[in-house]
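Starting off with a structure, shown below.
Per-chain numbering from 1; labels A, B, C and D assigned in written order.
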């Protein structure tokens, strides 16, 4: 069974590391971090998002694509050539690991939209890229774009996350931010595309939880041209964040106030101006409110955001050491890589923690 | 203190208060058994005329003329409630002569009768109020 | 005298062992079904006058009365049942259209009863409303399509006018005239106490009730009764009534006998004249005409109030709704074929329209497919009977529901469906002073408040079970629903899976 | 503060209960020439009739004096009042000093000067418990009783002793029974009723001469008797005040605060006369309710609370052998009348006010009429036609009803 053919509730482990100064570091430590939470996963999915790993190609969209077959690869590359200028293409380097099996063809493309096509589409560049990704994922059977941002990449597979990390040789990448996900699905999906993180453009989401508002959120977001093909929370959350941030122009702080909105009783006690703003956000974007348990780490170009649901029904701890910032489902997953911390705390439900590069971007 | 108040706006003239009053004074548990084939002589009475209806029962006056006028001392006021000692009353009807509401009436057994807020019945609370289907009779504290 | 073919439908059964001749049944029956025979010192009854409203049964202090359906029958016939035969007798006698009241009583499927709700187990926690906040507040109205910021980057409040409700329920339109002054007062006071809205219906608004304006929806119907500037200004929202679930395509008719001094003043028509609402609005023969009325009402009220357009659920309801969503209306109210009425031609009531569940599902889907769901809120009506119906309606995609019949039941209505006679023994659907006073608003409004309070608790319990702590997350959340005993097509229209899937 | 009350009947009790509302400590002394716990005088006829007992006749319960901290001195007759020293001198030579004094001495039966009265051995009056007991003691089956006076006292006495299977004859100078409270027709109804109960009357006659056991009337009719009861009326006991130069008329004259003309001396009850507001005339209204309310009024003022009682009217509730009579006010002005031969109703009204009424038989809700007189209710403020037929609150305005029944303040 493939992801997308059914709802697949999961328990999970998540972890994230971020360097405010933009100092790049190896992916090894994120593997160590997620590995300590092995019993929060069950070997049916793991993955990573890494930011700042393609400095030499940072002006180009990096597509990571799974292919089930050569023919799928052929169709997809044909489509890519029609819409993009392909600067570089290669297999994503992996190493054999006994725990990881049934691997698909895994390819990486650095691309830029063809100016003529882009002009014809009358869309802005990022929207054009999104549409193309949706086209491939829905129209080209056996091809699935699982990463499409600039200067970042997603690496995921079916297996325990640490095995997945070694499979992708993650320790060989250097970036300023890594997030990781270990999955505990209640069903048994065989498909790599269903593993997390889920990403669109440079937004990537790792998520632990099962949201009760799923179908309300899905049916609302699908009004705006998104297709929830995987039926996963992570997918719909990613789309909501993309919609609110990229399309509606809400700030990340405001997005927290929408998807994990404060309760009316809290809002009522705020000063008038703030009260009005909160009431506005809640009622204007009511269908983007997410209820039920979740803790998420959102990666994006130049930053990272950690957020819990409004009742904090999932564990999540954050910590700081000098310019480094850490998030994880469990404190142990932070201590294993940095035991000497300046500050450790557990954000309140609905209290988003956002970190960005001091210089804005690399 | 708690008093019975009547609001004619809501009185339907259904006379249920009279039956619940009569029922209460029998101390029976089943109204059918208590009142079957009986002509009731309630302490609360409905006045009806051209669509206007209202119930009248003892107001338990601050300055009770019936008590002051009673020649035997059978009528007395305790804790705001005017009660009658039926075995001292000799039915001279001086109270009927005095009561400005017509709320004291003769009864079969040689003593007069009046509303005593059901305090002498088994139920203990005014049953006319309980029996009123439309809130036209209420028993409440209004802070004099 | 002509033969009377119609045998009484009910029998009044009196237990003479318990009857104490208190005569309350006689005094309380406006149909004069009970009579006291003084020379026999016995009560007697005339079954043919009984409408089975239970007033006497409820007030009999010794429980000596019951009303039973007569078991008098015609010869068995699966095709020609007693009802059909009696209707023919009646029409052969009267030569008139059959009239009835309240909602469609016929045996069509009730989809709400074939839908089941979900609850959380293990993978995510259910939420206990007694311990955690559980939010039922809803805002009705169009939502902004883009955000705007001021020079300091603060969000501007560009929100169109909204209705704020403490829970997704409102009292549906019932005109002053079709129901009594005391019924209206009860509804208005209950709405005010619960933080919801009630609806004037097409009969205008009695001056005494202007003070409840913030909780009032003022209706503009084809008869335009009682519509004037002050009326429009007095409400929190304006509803254009295009149709009614109980009688799609039919106007209204309030007999002159019900048009007393107060009503005539409120409706702005002469005392004693019939109040007839035309079937269509004669200034609305098409969707663009509707748009003009919507905007003229907005102009008249300075764009400060949401405009509701109420339609009956008919076959192409989705397309109609989509048109309305583009007409400038802020809220669409859809009334299913089980909706109540003070009087409707029986054939129309029983044979025209759609079940609200299907209408709602298809409208919600259509508006989403067209990306205009946020242009409007959807309010559904037409037999919402319980908090479970509400939860299911919201999960199917409604923002809010209207309750009419349920509210009247709370006020004492026993669904005898004789409103058209004007002799409502419960003081609801009548204008006879002696009957109207039987509904004491102090009691009536409290009963309404009790009902809604109870429903609110139940809604929270069901939401909590699903792990949802805010009603927004239930809206359109069809994954929380499963069908039982529904065929593929029905499931497809409802947009839900079958139980077990 | 020391209060002295002369008399131990209704007015005295009213005074005590009023004083104790305002003054819980002050000393109260009650002087009674009788030897009984306070009892209700009107009940003496019921005692003979067996409808009550000496125990039940007590007007207040046994603990009354102790609960109200009263010193009751029985068998003490007040001889005179020493105004200078504020003392009451008693028949035993002792005296009682007072700060405030209440005269509640009531009235005494009037004994008419009839020739040969002294020859009569068994002659009685009928106002006190002792009278009643004495009378009862001499009665036996088929003793013949002659009652002089067909007024309230005489007829009540007649009813009282009727049970003893005695032969009762009643003589009165007046042409009617109960002439002071009934008009001709109603009086006739009552007379018939009494005759049906074996009481025979000689009306418009008087006794010219008496012998030991025979009375001779002015028409020479001779009436043999065994017991003679004198019930021609009572006289207020005014001497105590009269002797010290206080204003008196038939009764002691008091103002609406029950003050006599002498400082710190008050009077209440049958011994005084006050304004009948239904006729605006000063009258002796020897009625128990008035006695109580005057006593109460006196008591309030004696204990320093200004209090006015200006609502006195003549009124009577009386019954004989199950026939009830209620009357009040004065019988002047226009008349509303209805009668079915058994029940009798007559209302008297003028200048927009009800002056008085007579009810015989059906007396239900009579108090509504009484209140119209007492409150001088303007008749044009109510549905007079209705209230004449049916006494009730229906005749009043909606607002009045809301006030009376709904507790709505004006």
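Observations, loosely collected:
Operating definition for what follows: a residue touches a chain if its C-beta (ideal position, glycine included) is under 8 Å from a C-beta of that chain, and two chains touch if they have at least 3 such contacts.
What you are looking at is a predicted structure, and each value in this text was computed from that prediction instead of being measured.
Taking the mean of C-alpha positions as each chain's centre, the chain lying farthest from the centre of subunit C is D.
The innermost chain, defined by the distance from its C-alpha mean to the mean of all protein C-alpha atoms, is C.
Our note on geometry: subunit A versus subunit D, Cα centroid distance of 105 Å, whole angstroms.
For this pair, subunit B with subunit C, the centres built from the Cα atoms lie 43 Å apart.
For this pair, subunit A with subunit B, the centres built from the Cα atoms lie 80 Å apart.
Centroids of subunit C and subunit D (each the mean of its C-alpha atoms) stand 70 Å apart.
Multi-chain contact residues of subunit D (touching two or more other chains): none found. By the contact rule set out at the top, the touching chain pairs are A-C, B-C, B-D. Note for the complex: subunit C touches subunit B at residues 17-20, 22-24, 27-28, 58-59, 61-62, 64, 433-434, 437-438, 440, 442-443.
Taken in their complex, subunit B has these residues touching subunit D: 3, 5-8, 47-49, 52, 54-56, 59, 65-66, 68-69, 71-73, 87-88, 90-102, 104-106, 142.
Against subunit C, in their complex, subunit A makes its touches with residues 7, 9-11, 186, 209-217, 219-220, 222-224, 248-250, 254, 261, 263-265, 276-277, 280-287, 289-293, 310-311, 313. Across the interface of their complex, subunit A is touched by residues 120, 123-125, 127, 132-133, 135, 137, 139, 143-144, 146-147, 154-155, 157, 159, 162, 368, 371, 373-374, 397, 466-470, 472-480 of subunit C. On the subunit B side of its complex with subunit C, the touching residues are 9-10, 12-16, 19-20, 23, 30-32, 35-38, 51, 131, 133-136.
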